[in-house]
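Look for chain A in each of the two complexes below; its partner is chain B in the first and chain C in the second.
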Partner chain A sequence: MIDAHLLTSGIIFGLSLGSIFFLMTVGLSLCFGLMRIISLDQLLYYSLGAYVTYSISHATSYVWLGVLAGAVVGGLAAFAVERLLYRRIYERDITFSMITSFGMLIAGIGAIKYIWGLTPRPVSVPITAEVDILGTLVPIYRLVIIGAAFVVYAGIWLFLNRTMVGKAIRAGIENVEHVEGLGINVYRLFAVTFIIAGTLSALAGGLYAPLIMVDPQMGLDVLAFAFMVVIIGGLGSIKGTFVSAFLVGQVVSLGSLAYAPLAQMAPFAIMLVVLLVKPTGLYGSPLLKR
Partner chain B sequence: MNAFRWWRGLVSAFGLLYLLRLLLPLPFANEVIIFSIYTIGCNFLLGHVGLISFGQPAYLAVGAYATASYLYYFGTNPYVGILMGVAGGLAASLFVGPFFVRLRGDYFALVNLALAVIVFYLTQNVLVAITHGDNGLLIVDRLSRTPVLDLSRPNQFFIFALLIAFAVWAFYKYLDDSIYGACCLAAKINENKLRFLGYDDRGIRLLAFVIANTTTALAGAMYAVYLGFVSPEITSPARAADPLVVTILGGVGTLYGPIVGAVVYTGMMDLASKFMSNWELIIGIVLVFVMLAGEKGIWGTLEPRLKRALLSPAAGSRPIKGASR
Partner chain C sequence: MIQTSALSIRKLDKSYQGLRATRGVDLEVAPGERRLIIGPNGAGKTTLFNLIAGEIRPDTGSVALFGREITRLPSHRRVHLGLSRTYQIITLFPRDTLLRNVMLSLLGLSPLRWNPLLRLDRQRPLVERAERALARVGLAHMKHRPLVETSYGERRRVEIAMALAQNPRLLLLDEPFAGLSVDERREVKALLFAIPRDVTIVMIEHDMDVALDFAERISVMHFGAVAVDGTRAEVVADPRTREIYLGA
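For the complex of A and B:
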């Protein structure tokens, strides 16, 4: 029988892991929904965010400033990549965006190795205090991460449902030609979406940095989880990503209490089962290519 | 005449490949042949069936590890080892195939890539008792000498690899010309019409998936025997896009594209690794540029011109079979 303290901390750990997964993959999901591209370079912005957080917090000793700067740098990098590369491949087959972005991810990892070197870098935890939940001491920082994910989810929901640009993006997810016909500049919408995606991925990296060692391979390490989250949730669905991120987070966290090596494999089994029942993921729409 | 035409291209291509050995070092030639076998499955899936297979390293690793574990734990005959690798690849693709071929193109690509990462993780961390983790399986001392072609010697391995590659290419050429090949192409272009004509499109895709991934496992088995060593590096996520890139570099759906692509790509990597240690940066940039350059690839651009130049006008009017994008 699993001890109650272990269970509580396991659940909190899973929730924070799920929050990071959500922030990391929501960009992937948004980009697929609107632009029909698979943007694997989100994982590059994730690593970039973590590294900028490391550099800034090392220089100024303010971790939060580092997280903020990381998010901004991630957004800017995403904007540059969108302008320089994605403009040329929106019209192409989905294969092309996938391989191109994969190339960018690999090249970016090479660049990170070149700039920051191969050694893993530590980032200090900004809040070291712990709080008592059901008799178990839980680090407040993990609760902050969970809060951040919920705030981002609410923010995205408000943005997509209450603002004009957000409504245009939602309309674009349904039918891009009609939105263009209404005189809305779709390419500007694409750029906005991409910047949001890059910022959120970098934010995930920055927030996660204090809990792990920042190393060049971190983007590739989470690659499989990022995919499994978006596939289980359904590509293009924000709600699906939110649900499946927490599902995968819990499975990994609670599974590792039972048997650590297999915990990493369990999401894959869940993915196979979900795909067997519903080939488009939990909340994925059955729509084909536009 | 017709039979000769059928073989002419194949024989001349592999004749050229044999000549390559005289010009370039042996390890390079061996690498190129194995790499092109590795790529042809992906080329078939992408160019003829319309499936983006991002997970080829998974099947490569299955083939390599099946061969290596047989040679490490049970026998010493490399031929039997390669057969075990092919059988392993067949079993693995039969196991995951029914799940995967139901999926839409984009999901198929992502799930396959996830599978590649999972296999990497399995070989590195979970099945350590069998795979020895990052240390890998060293089988080079265990290969027994075989009478006709001794696979433990690189120059005889080259002959063997060339023969296998020839057989694989003849098989894929036969597939292209058969009714089944036409069905695959139809599944790529319009699956609704194919279904309407009474064909089982999932069955067709499943068969294509199994054929292609078994070929990839064969390449993995040959890697294991050739290098005498297998480690999780073989399915490293950083190299997951390699077969796709070589396919697109060579020309999607063309018969000789994989060979041309493998020669160019392997050559590029060899040169690059001489000048820089940071190979990830180079692979990434090459990938992006290959993607931006276009869809036809090297062989796809060269082939029509070569045909026009080499064949008489009458023979040149024969329509080019196979897929074109």
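For the complex of A and C:
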């Protein structure tokens, strides 16, 4: 029987981990939803966000400034990659983007090693206070991360449903030609989507940096989880990514409490079951080829 | 004085993996003209529409809109030059009301479209123009109804309203009567007849009864090429039309 305090802290840990998974993968999901590309380079912006957070917080002692700078750098890097690389391969087969973006991820990790070295880097936690929840002391910083994920989800929902650009992005997911028919430059929408995606991936890295040691492999370490989250939720579905990220977060957290090897194994088992029951994921639509 | 064509197509070729979808298509459409494009399935009509709208690029040949070369222009830029088209199935904003759908099509041509903080409902000029467009297609009374709750025929009219709201100079209609009931056909037909002559119309349509009524000139496509081109009477009388299209 799991102790109640352990359970409470496990749930909070799972929620914060799920929040990071959501922020880390929502860009991947957005890029697939609109552009039908597998943008594995999002994990590079995740790493980049963490490293910029490290550098800025180290130089200024302001972790939040580092997180903000990391998000901005991630967005700019994603924009540059979209302009220089993806614009040339949008029309190609989906596997082409997967291989290209994986190459970009590996090259980016190489650049990170060159700039910051191989030694893992620590980032101090900006909020060290704890709060009592059901008799268990919970770090407020983890609650902040959970709050950030909910704010981002609400923000994306409002953006996609309440603004013209967002509506065009959603319509573009269904039919690019019709959106062009409204007089809207779809390639500019692609660039906007990439900037948002890269910013959020980098934000995930920046927020997670104080809870881990920042190291060059951190993007590759979460690759399997990123895949699981978007596949379980349904590629291209923001709601699916949100639900799936918290599901995987809880499974990893509570699984490790029940039986340590479950933390690694259980998400794969869930993905297997979901794919058997619903091959498109929890909220995914059939893969349409443009 | 030589009048500039509304649409001028020269030697337009498009192949897909060796299969020639259009071959050497030549087409001249005069300003204000109502042109019908017919042909059996696979004749290349929709490919030609997509080439004109800029959704696909030709292998060779040229397209000019009111004398301006647009062959390499992206489709969204062509819309800004006055080229609008309708599709066989409208898929844009199903959860939004008819009014908002038309407003969004208007907004597509406005610099305001990139403003993420824009409150659509507060854009009075856009609201009024959208309301006028809906009134023009006889749907003003249901402007607040979500698109998803409308009939197929009503959606076709919304689509025409969205295209007309953009004040096009050239309107491409892709089978506007397909799937409509007899009453709906009558309504859409009246709507198309009411479009003023400053809008040139090129239409693909299979319903010959309605389309022949509407068109002044007809182009018959066969195996990707324009096989017969002329006035309604000339095309109907041409034996090649019977051979190609009517199968006689």
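Structural remarks
Keep this in mind: the second predicted complex is superposed on the first by the 289 of 290 C-alpha atoms of A that agree within 3 Å, B and C clash if a C-alpha of one lies under 4 Å from a C-alpha of the other, contacts with A are read in each partner's own complex, and residues count from 1 in each chain.
Just so we're on the same page, a residue touches a chain if its C-beta (ideal position, glycine included) is under 8 Å from a C-beta of that chain, and two chains touch if they have at least 3 such contacts.
Keep in mind the model is a prediction, meaning the values are calculated, not measured.
In the superposition on chain A, contact is made by A:Lys167 with chain C only, not with chain B. In the superposition on chain A, contact is made by A:Phe159 with chain C only, not with chain B. Once the two complexes are overlaid on the shared chain, A:Asn185 sits against chain C while remaining clear of chain B. Contacts of A:Ala129 after superposition on the shared chain: neither chain B nor chain C is touched. In the superposed model, A:Glu177 makes contact with chain C only, not with chain B.
In the superposed model, A:Gly110 lies in contact with chain B only, and not with chain C. When both complexes are overlaid on chain A, the residue A:Leu223 reaches chain B alone and has no touch with chain C.
By the document's definition of touching, neither partner reaches A:Leu118: not chain B, not chain C.
More residues of chain A lie in contact with B than with the other chain of the pair chain B and chain C.
Residues of chain A that lie in the contact sets of both chain B and chain C are absent, per the superposition on chain A. By the touch criterion stated above, chain C contacts chain A in their complex at residues 50, 53-55, 74-77, 79-80, 84-85, 87, 90-93, 96, 104-105, 107-109, 112-118, 120, 166.
Remark: chain A residues 32, 38, 85, 88-89, 92, 94-96, 98-100, 102-111, 113-114, 220, 223-224, 227-228, 230-231, 235, 261-262, 264-265, 268, 271-272, 275-276, 279-281, 288-289 touch chain B in the complex. Of all residues in chain A, only 159, 163-168, 171, 174-175, 177-188 touch chain C in the complex they form.
Interface residues of chain B facing chain A in the complex, by the touch rule stated above, are 46, 52, 54, 99, 102-107, 109-111, 113-115, 117-118, 121-122, 125-126, 237-238, 240-241, 244-245, 248, 278-288, 291-292, 295.
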